[in-house]
Amino acid sequence: MTTSARRSSLGIFSRLPVRRIVLIVLGVIITVAAIAGARATLATGQYSGRVWQDLFVQGLARGSVYALIALGYTLVYGILLIINFAHGEVFMAGAFTTLFLAGYLSSSGFMASQPVLSLLIMLAFSALVSMGVALLLERIAYRPLRGAPRLVPLITAIGASLFLQYTFRGFYGEQVRAYPNIPGLTGDWNIFGISIDRPRVVVIGAAILIWSSLYVFIERTKTGRAMRAVGEDREIASLMGIDVDRVIVITFAIGGALAGMAGILFILLFNQASFDMGFVPGLKAFTAAVLGGIGSITGAALGGLVLGLIEAVGPILFLSGAGIPSVGQLTSVVSFTILVLVLIFLPGGFLGAPEEKRA
Amino acid sequence: MKLSRLLVIVAVLSLVAVACGGGGGGTPEECEADEFGCVTVAAGEPIKIGTLLVITGENQTLGLDSQAGAELAVDYWGDNAFDGTVGQIAGHDIELVNEDEGCSAEGGTAGAQRLVTDTQIVAVIGTSCSSAALGVADKIFGDQGIPLVSPSNTSPALTNPGTHNPFYLRTAHNDTIQGAVVAEFASQELGAASAATIHDGSPYAEGLANAFAAAFEEAGGTITDQVSIQTGESDYSSILTDLATGGPELLYYPIFVAEGGLITQQAVENGSFTYLAGSDGMFTPDWIAAAGAENADGVYISGPDLSQLAGDADFYENEFLPAYNETYGEPTSVFHAHSFDAVNIVLTAIEAVAIEDGDTLHIPRTALKDALFATENFPGLTGTLSCNENGDCQQSATIGVVTVENGDFSDYVYSATKGLEG
Amino acid sequence: MRQPQAVRAGLIGGAVVLYLGAVGMLERFSERSIIVGLIRFNLVVMMAAFFVFALFAYRRATGEANTSLGTGITAGTVAGVTTGVVVIILSLLVDAGVDVRSMFLRISPAFFEAITLGTNPYLGLVILAVIGAVMGAAAGGFRRLQPTPRTIVITVVGTVLLLGLGARLFIPMLQGLGIPTAWLYRSDALTILGAVIVSVLAVVIRLYLQRKGGFRKALTEVPGVTPSNVRPILFALGAIAVLAAPWIGKQFVADVLGTVGLYILLGLGLNIVVGYAGLLDLGYVAFFAVGAYTVALLTARSSSMVGATIFDLAPEPLTNFWVALPITLVVAVVIGILIGAPVLRLRGDYLAIVTLGFGEIIRVLILSDWLKPIFGGPQGITEVADVPAFGADTNDPRVLYYLIIAFALISLFIAGRLKNSRVGRAWAAMREDEDIAEGMGVSVIKYKLLAFAMGAAVGCLGGAFFPAKLGVANPGSFTLLVSINVLAVVVLGGMGSIPGVIVGSAILVGLPELLREFGEYRLHIYGAILVMIMILKPEGLIPDRRRALELHAEEPHESVGPLTAAATPGVQ
Amino acid sequence: MSLLELKGVSIRFGGVQAVKDVDFHADLGEIVGVIGPNGAGKTTLFNIVTGFYTPDEGSMVFDGANISGLKPNALTRLGMARTFQSVRLFNAMTVLENAMVGQHTRTKTGLTGALIKGKATLEEEAMITAKAQEALGFFGQRLLPRQNQLASSMAYADRRRLEIARAMATEPKLLLLDEPAAGMNPAEKEQLIEQVGRLRDEKGYSIVLIEHDMPVIKSVSDRVVALDHGIKIAEGTYDQVASNQQVIEAYLGKAGDDARGDMDDEVST
């Protein structure tokens, strides 16, 4: 084979970053379309500042819940590199079970006299139930599979997800049930001159508090450092005397507890519990974790908030001006399109480990 | 292929006949002439009627109630008493074969496929949800020559001349009636000048929302927006915020339990809508549980008005309902009466066309369908039934509106009877 | 004698039985008779639980306890007593007016009836303890049985369960074969006489085959069959069974087998993407949907398309299935590449979520009001024409079944050829280590796109038959659950393994369809089976030869350091 | 005549100047040794040459063609092949299949060929197998008898050999070996030295190798290049370089951590 023959077999495409150009063009087109849509929407004048404000707060509130669930995904992923697909069901388990405690608290009149304490009890109870389910899950479905190819625990997780859903459906029935209203949490609060639904204020505030405590825990405590070490390199961590199994169990416990608390915050927003309530928020939280950069705690929070905002504001802002009917249906089209755009330009999400420098 | 299938059926039937020692003679000529042949019921064998209703999942209360109505009809048939004995035609027991349709097109397909496997099925009562019937179950049964009679499909599309399947009938009202009554109630009783609608894309909800919107505009009201939503979402608050920008006084969302409950909650929380209204898909205590009693209070729900039954109200109150309560508890829906009627017109038609051949019974399929469509002035529980060429057997219907008070449905606050044509 | 392991196993066993009661399974199963008037399915399940946990106790027990009958009896009795005691407590609570059902919905009178076998809780405790002890002893005895009696026991139990549970499948099949069933079945359960007869028959056949040294050997005794042609004869028998199944079992069986065939097509396609090329695709349903909708749009009576008025179409199909099929392939490949292109740089889980997103985008778009004029919204496109097949009536699921089988065979062939070729090796290299594959000259971009395109092409075949089978194409059939199901088929069967896809489809798709009578518990059991199989056989049921080697190979002789593990960030 | 010629090549990762203004060349039929303490930029240089990294500055010519911006697969086709410091094989493939992948750029069976499997495909498949086996055969009885075993099941030294065989199967002009002697015992090192020589003499490859083991470098190299902190600090015969003051300082200064594992393996982390 002669040198020239080999050289001629290399097309011009070997050198030109065609793919990158195509992607950038694609990104620009979508961005321009989005801006045009947004301008058209704003031009109709149908939406007042008050409406945008409402949508923004709705988005923040639901984003806070996503963020808390996403933390569970991110913690487990950071350490075991597995997608705990059943995490949405862990969330459901706490929220659905606490329904009965809430019913009791409400009918006994305790909730009316001690609403704050009731809420704290519910949070703790839900966290406990979810933690229990998460630990069982780890013990039964994941521990036997350490070291198996990575798709295997994914399938087990899917199986466990279905199993948990239908277990709770078996226990508590298939109906959607409403939570009792918590006294004092109806109506609006005025914050910085903006009136906001009280539950939303509580949810956003609680989420910030829970997230910061976790952050401090991971960064400052010995256990937190051990978790980070195991996430960096399991073998080296175990050589340094860290009990890896214990750290994994703790991780699942924390993730579960966060999911349980997220469940109660979710209830504050939407008031309903059912056996399949975990699936959609679970999926969204997974998306949020990836958007923020899976493995990163700050990323999970950021991803959750961004996703919540996109979902609340995005369809109306970008699409309704274009004359598209029922834009509310297209929520996931908007959010996944933005996810794809973000990942095209930041393959590791907002705060994920950057990909290696490649040609 | 048709021929070979027929051969197989004949072969199987003759084998069964031989195996059971029955001695039916040859096939009557009516059967040979019939495009779809006959169902041949050997001596001692039951006449099988299928049911294809939603009996699992979150809408199961709708289907279980209709199934109860069908079972009661089979019980009542013949001896005119609710005594637990199964009715008979020409000495053959009537047997119900129950399948689930899951309130979806896929569920309808799967259930229908299962029922057509049993070649002894003469007719089917179902479906509960229009989405399981439209273009799905109606086609599968129609292709096999099996009439499908629905007790609770109300979507106008099912009996539209363009989309009607020749083997499809229903004893439920057509939603053009219900939509008109709700619109009349909204504009005249409530005095609402503007309204918005939400539907979930199912033929039932969409048909009803559109019928309402048309009638409401005709009555001089304004429709500010008509949107459809995705089922299964956990948050509809931004959609409601969006709808509220149009400033409608009334929000009409004739959808099902889960989304209906959530939207009720979020609409109350939103606070921009003066009136909320839904329809029979939410006319069940499950919806109140899903919405929360505090939120459900004051919401208007429409459905067939059973207190104004055009039929024998005395029979309904004093015989039917007690029998129902005894076996099934409180009714969870309002369509048991329609289901009762559906079984009765089917059994009446079978009786009319069945050919007795010793102890064997031949039921020609096309003739049965024709007999069903010929139903005229049949005295039913829900009124006088006359089936038109598109399969609508309720030429008029009484639709009532209730509200929720302290977590319970009230008595009817409004009721009107309208005919199918205007 | 202290037997902590036995007690522990017994406690877990009791908990499992109570769980089955609390989720309502026992109640539901009590409606199902296996043998008329003798054994109901709830009893079978409870006995099985006691038996299994007694065996489990033996597995954990050491020394003398490992062989003594006492271990099993202890475990079984503890399980039975645990169940019984909790049932008594529950009944006392109910009697005391505690509304247990406000939380645990299934703790109804029917629950008590099912778990106490129709007696009262106190008698139930005795019965459960006795059954537990008997099953525990049986477990101990079973372990000591000689192979032949053991075979007999397994055969009898297996035959009765299979025929009893599968009554609604076997009755039409037997009738289809012209065999009367009245002696065997009464109201969908075995008669006592029938159960005895089939058990004896099964045992005789089993022992005969065993003496002859297996089915194959026994077959060679038939005149004309020699060891050299036994393989093709078996193959021919299998082919005849596959071809004849829908005629024997009628439409329902044809329908179920057709669905299995569709999943084989989907599984083979996804196997190329995930198993061969290592690209974790959670949105595979997109291609299923593309195939289905393209065919539906082209072959439905166009009046059923809402947009027909916009486009001013005549109320008849635009074309027939065979013309639509190649168009569908082209559309699917184009969409496969369109989906593949932006995600080329993403790996592993990032790829998973983005593909999942694409699947959802496609589902939502076909569902939306916006595109309703084209795709028909939630009700989809109805009145899809049947597949014209040489003048046959494809409305009959049997004809469609043959077409699906034919296309599945073609896809099997394609998948097999691709796997053992230069292309297949390039994919495998890419799956193992993307960087190094590129270093060896494999154009990662080209081969990723090729994998997406091939996966799309095979998957859309499954989609193409779907509306023809259903008569409609609607978005409810294209949910994430389908993607998950197909992925489960591939992984459960064994990644990269072609026979694995067939077995995976049969188990995950065929079985649940046949067990439809378990109704609401289908997905429940499905989830449990998924977890159990993956834990017991992580490499899949019929693993690819290479992967089997990999999982069972000894560790490399010297440590290769953490970098080797880190170097395979893909699906591995 | 120079086969590979680098001029003024630099790359920077974040704040770290990993390779700075390096000129480098390898002539036809030459064996060049690259030495330097950990973190000196040796593997980074390899990654630049083989297209895994795109340099920020500098020009690169291989076999008369400008190769800057080309991807690894294109460079393989032009005749470059390499091994990796941390052996990276296709673990779930057999030994033979690993080598067969090496033939990828020299063959052309595509989708249609694979599906139809006509005469041309079969012939090509036979040729691929033959060439792969030939490459395995270079190591005598080490690899060939185990050709149907999984790569992951091989002993460590054999895994290193298989990596070289896989590179050989690409029919390269230039072979880049990244620490081929790492983890080998003295006897195996002896063999390696002999084999590297044969690679040049029998196969006619030009070879660039990174190595920490000075005796190996000394035995095989025609010329040695020393790097430190991304800068070329010396070049010449082994003796010239070994006596270079800067080189000695670079090694002494880092004597403490002159362990086996290298720090500049950016490809894999």
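Things worth noting here:
Think of it as A, B, C and D in the order they're written, each chain with its own count starting at 1.
The rule is short, and it goes like this: a residue touches a chain if its C-beta (ideal position, glycine included) is under 8 Å from a C-beta of that chain, and two chains touch if they have at least 3 such contacts.
For clarity, every value in this text was computed on a predicted model and none was experimentally measured.
At the far end from chain A, in terms of centres built from Cα atoms, lies D.
Legend note: the chain whose CA centroid lies nearest the centroid of all displayed protein CA atoms is C. Should one ask which of C-D and B-C has more C-beta pairs in contact, the pair is C-D.
We define each chain's centre as the mean of its Cα atoms; on that basis chain C and chain D are separated by 48 Å. For this pair, chain B with chain C, the centres built from the Cα atoms lie 34 Å apart. The distance from the centre of chain A to the centre of chain B, each centre being the mean of the chain's C-alpha atoms, comes to 41 Å. The distance from the centre of chain A to the centre of chain D, with each centre set as the mean of the Cα atoms, comes to 44 Å.
Touching of two or more other chains is recorded for residues 56-57, 227-228, 230 of chain B. Of all residues in chain D, those touching 2 or more other chains are 52, 71-72, 77, 267, 269, listed in ascending order. Multi-chain contact residues of chain A (touching two or more other chains) are listed as 174, 325-326, 329, 332. Partner chain C is touched in their complex by these residues of chain A: 19, 22-23, 26, 77, 83, 100, 103, 140-141, 144-145, 148-156, 158-167, 169-174, 233, 235-236, 283, 286-287, 290, 294, 324-326, 329-330, 332-333, 336-337, 339-340, 343-344, 347-349, 355. Across the complex, chain C meets chain D through its residues 414, 417-418, 421-426, 428-429, 431-433, 435-444, 450, 454, 546-547, 549-550, 553-554, 556-558, 560-561, 563-564, 566-568, 572.
The touching residues of chain A, counted against chain B in their complex, run 46-48, 51, 54-55, 58-59, 62, 174-181, 197, 266, 269-272, 274, 276-277, 280-281, 311-313, 315-316, 320, 325-329, 331-332. Within the complex formed with chain C, the residues of chain B that make contact are 1-2, 5, 8, 11-12, 15-16, 19-20, 56-57, 100, 104-106, 109-110, 113-114, 116-119, 131, 134-136, 139-140, 143, 162-163, 200-203, 206, 227-228, 230.
Listing the residues of chain C that touch chain B in their complex gives 172, 175-176, 178, 180, 182, 247, 250-252, 255, 303-304, 364, 367, 369, 377-380, 382-383, 391-393, 395-397, 399, 470-472, 474, 476-477, 516, 519-520.
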